[in-house]
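Two complexes, one shared chain (subunit A), two partners (subunit B, subunit C).
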Partner chain A sequence: MIEVKRLTKEFKIPVQKKGQFAAIRNLFSGEYTVKHAVDDISFSVGDGEIVGFIGKNGAGKSTTIKMLSGILQPTSGSITVDGIRPFEQRMENAKQIGVVFGQKTQLWWDVPLIESYRLLREIYKIDTAVYQKNLDRYIPMLGLEEVINKPVRQMSLGQRVKSDICAALLHSPKILFLDEPTIGVDVVSKKYLHDFISEINSEKGTTILLTTHDMGDIEKLCSRVVVIDSGHLMYDGDLESMIARFGAVRSLMIEFEKPVPDFEIENAELTRSEGNRKWFSFHRSKATPLHLVHAIDDRFPIQDIAIIEPDIESIVRNLYESS
Partner chain B sequence: MRAASGIDLRTGIAFLRNEFYNITIYRVSFWLNFIYTFLMMYSVGYVWRALYAANPGAVGVSLGQMISYAVLGVALEAILHPRNGPQNYIMEQVRKGTIEMDIMKPVDFQFYMFAKNMGSLAVRFLFLVLPSLIAACFLFSLKLPALPCFLGFLCSLACSVVVSFFLNFILGLLSMVTMNIKNINWGYNAVLRFFSGQMVPLWIFPGVLGIISDILPFRCIYAIPMSIYIGNDAGVDMLKALGVQFFWIILLWISSRLLMKHVFTRVMIQGG
Partner chain C sequence: MGYIRLYGQFLRVAILGKVQYKADFFVGIVSVLILNAVNLSLIGILVYNFNTLGNWNIWDLMFLYSFWMLSRGIYGVFFWHLSDLEEMIVNGTFDAYLVRPVSPFLQFIGKDISYTGVGDFLVGFLGFILAGTQIKLQWNAGQWIYFVICVLSGALIQVAINWVGASLCFWTTRSGAAVSIAERFTVLMQQYPVNIFGRYFQIFVTCFLPVAFINYYPSVVLLHKAEGGLQIWQYFSPLVALLMLVIAAFIWTKGVGRYAGTGN
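Our next item is the complex of A and B:
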């Protein structure tokens, strides 16, 4: 569905002068530095996949999404989105994709939501029956009934993002780009969004490319992840093997019946100690929780235990550090 | 090709509806505008009356014609002032970083801005200009011009709206590069007011200023339709004046398309 080959994007950033008449000298200055926002990235996304795109701020995620949407011209490399080259065939591409930027809205600020949707129907030339069917389906699913007559500027962030996602799907796009859709969204709305996104994906087979900082999004939605850092591709593969490779260290929390002194135990490391509780970290291949609990229980009576799986954030951190 | 760029009447009307909401939402600002327009018409009418009382032959047209001209100048400014142009929307979108969302839509950007602008213009005309014009008509007992003049005026007004749009659109594109619109708008409006004949009729300008105002496109916006309305440009003069407007429409259309392509390429390469 999406083929990206050796994609590179360079930005020329003008060098800001300092000192006297800096503003005027800046006007005539031709000096600039080159920044590689995306550097030689290749990946492909299959029909109906949900792929999570992870990376730090400024890693090049949004730049890639913009190039896939056709609003940014690649410096080199090639992109096809369902056979269409996004930049050269911007209009054709626009009709088959839906784009949601969590921090930006495509809706008109001052008009009631339904009016924005009506306008989109005209812009995208959506068939009336399709438009009505999509509205009838998505509005209750996203809980937009109460805001449908409200202008966007009066909405909460969660409502706005949901409205934007609905807007992006009105023309039944084959591909949906979600750029940080859950940023700043509360837990309840987030759950709505997760359920909605997976349902759209399974029901309509919409291919979804999702960038996020929220590892909850990745765990809930994506079976495959692409990690980039400073414009380079760091990892491309399924979530489970990433966890196995970079999330091998788990933690075990043990609550003792009474306070005990710090002690050492084979194959695990004491990382934290607080009142009756102690935390140990251990490598997946070297120890099992059961084995550790037995070993510890022999020395001090245990009241309670908890196994803490590594969160994706720390996995990604390991991934960054490993390179 | 047309359909591929999303240019058609239905889309245009949808934009118009949308603009109606945009304007009616800010009621306070709307009523302030309304009062301002009416007061301006009232005062320019009286200023010209006082001038004529002191020196009847100075301007070369009758007092009735001059008052019609001045009142029309205020009325047209209420819809054609650069602050109502698309450049402000463009700048705001650039500042918010949401201009990409506009460029991304499968509709020609210039048409999109034009349709949006026409929507706001139509709403302003119906609710702002028309009531004040009717009131001014009674107040100064203005007469409607003869039919040929009036038809010529309507044609000329349509051209004026298009010329004004193109100039505003070009400023909007420039603002995408300079990241500033307030100063550009302010300077543009100062030049526009002076050289367009909106406040002072161009035919009383002395030699050099007259030539400059003839060369510039600004008179297409106010002076030409208003002169046609009061019958100062009639017959062959009217056709000539319309010809000048057509010429500028073509020239500005081509140059704005070229500029749009250039600016978009720049934005799309630089990422804004």
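Our next item is the complex of A and C:
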């Protein structure tokens, strides 16, 4: 569905001078440095996949989305989205994609939500039956019944993002790009969004590409992740093998019946000690929680235990550090 | 044809949006009326103090000013928000226009409507009636048609100037200063007949920033004010408008291309 080959995007950043009359000299200065926002990235996305793009701020995620949606022109490399080159054939591409930027709405701010949708029906020339069918399906799924006659400016952020996602799907696009769709969204709305996105994907086979900082999004939605850092592709593969490779270290929390001194144990490392509780980290391949609990219980009576799986943040951190 | 229909749909939403703010709407209408009362009295002062300027008497001057107000009103209602482009580029909302299968310019132009232009148009209309009766205009059908075409051309010249000004921010991000200088210059000079100024100034407002074609040359033609006979190019307001729109559209297109290159 999406083919990206050796994609690069350079930005020219003017050199800011310092000293006397810096502002005026900057105005006439032709000097700049070249920043590679996206540097030689290749990947492909299959029909009906949900792929999560993760990386720090400024890693190049949004720039990639903007190139895939035709907003930005690649400096070099090639992109095809269902056989269409997004920048050269921007209008063609626009018909088959839906785009949501979590940070800014694309809806008409001052009019009731339904008016934005009516206008979008005209813009995309959506068949009336299709439009009505999509609306009847998506509004209850997203819980938008009570805001459909409200202007966007009066909505909460969660309602607004849900409205934006609904808007992006009215013309039944084959591909949906979501740029940080859950940023700042409350837990309840987030759950709505997760359920909705999975459902659209499985029901309509919509290919979905989303960028996020929220590892909950990735765990709930994506079987495949692409990790980008400073414009480079760091990892591209399924979530499980990423966890197996970079999330092999788990933790075990043990609560003892009474305070015990620090002690050492084979194949695990004591990482934290607090009151009656101690935390041990251990490698997946070297120890099992059961074996550790047995070994510890022989020495000190245990009251309670908890196994802490690595969260994706720490996995990504490991991934960054390992390169 | 499809685009005109779509533009209508955009305007419908823009008007709906305006009406949502009821208080603002009424305050807006009242302030437009006050503003134009002030404008009208300014014309009054103008008329009282200058009995004639060159070969223009007070009613000719009023005709000139009203002509400008009519065209400015039309421009204002539909295109006043051209200057919003700067803000849209800075905060990235312009991106939304590039992911929809319709011309970005249509979406941008259709996003808003301004009722201050209505006030300008009304002042222009009243002034025109007043000046017209005093001058005792006796136009034939051809002159009336030419008048209407020139008012529209005048509006389009102002659209083109502000369109170019707005498009500059694709390169500079901020273009507010340049646009407001051009705007103030236009406002200042539209109130006077161009022939009272020096020769270089006349060349400048005819050839380089052709604001003299908004109201001055059409008035020269329609009020027979040409000294030493009419020149053919003094009829050219519609052509100038067309040419300037082509240039503006070209710069805009280049600008959108550049935006895609730099992203801002």
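In this text, the second predicted complex is superposed on the first by the 323 of 323 C-alpha atoms of A that agree within 3 Å, B and C clash if a C-alpha of one lies under 4 Å from a C-alpha of the other, contacts with A are read in each partner's own complex, and residues count from 1 in each chain.
We adopt the following convention: contacts are C-beta pairs under 8 Å (C-beta built on N, C-alpha and C of every residue); 3 or more make two chains touch, one makes a residue touch a chain.
Everything numeric here is computed off the predicted structure, so don't read it as measured data.
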{"item": "Room on subunit A for both subunit B and subunit C (clash or fit)", "value": "clash"}
{"item": "Contacts of A:241 with subunit B and subunit C, given as first, second, both or neither", "value": "neither"}
{"item": "Which of subunit B and subunit C A:11 touches, first, second, both or neither", "value": "both"}
{"item": "First, second, both or neither for A:91, with subunit B first and subunit C second", "value": "both"}
{"item": "First (subunit B), second (subunit C), both or neither touched by A:42", "value": "neither"}
{"item": "Touching partner for A:149 - first (subunit B), second (subunit C), both, neither", "value": "neither"}
{"item": "Shared subunit A contacts, counted only where both subunit B and subunit C touch the same residue", "value": "11-12, 63, 66, 69-73, 87, 90-91, 94-95, 99, 101, 104, 106, 108, 110-111, 115-116, 118-119, 122-124, 151"}
{"item": "For the subunit C and subunit A complex, residues of the former touching the latter", "value": "5-6, 9-10, 13, 16-18, 20-21, 91-93, 95-96, 98-102, 107, 111, 257, 260-263"}
{"item": "In the complex, subunit B residues that touch subunit A", "value": "3-6, 10-11, 14-15, 17-18, 21-22, 25-26, 96-98, 100-101, 103-107, 112, 265, 268-271"}
{"item": "Sites on subunit A touched by subunit B in the complex", "value": "11-12, 37, 63, 66, 69-73, 87, 90-91, 94-95, 99, 101, 103-106, 108, 110-112, 115-116, 118-119, 121-125, 151"}
{"item": "Contact footprint of subunit C on subunit A as seen in their complex", "value": "11-12, 63, 66, 69-73, 87, 90-92, 94-95, 97, 99, 101, 104, 106, 108-111, 115-116, 118-119, 122-124, 151"}
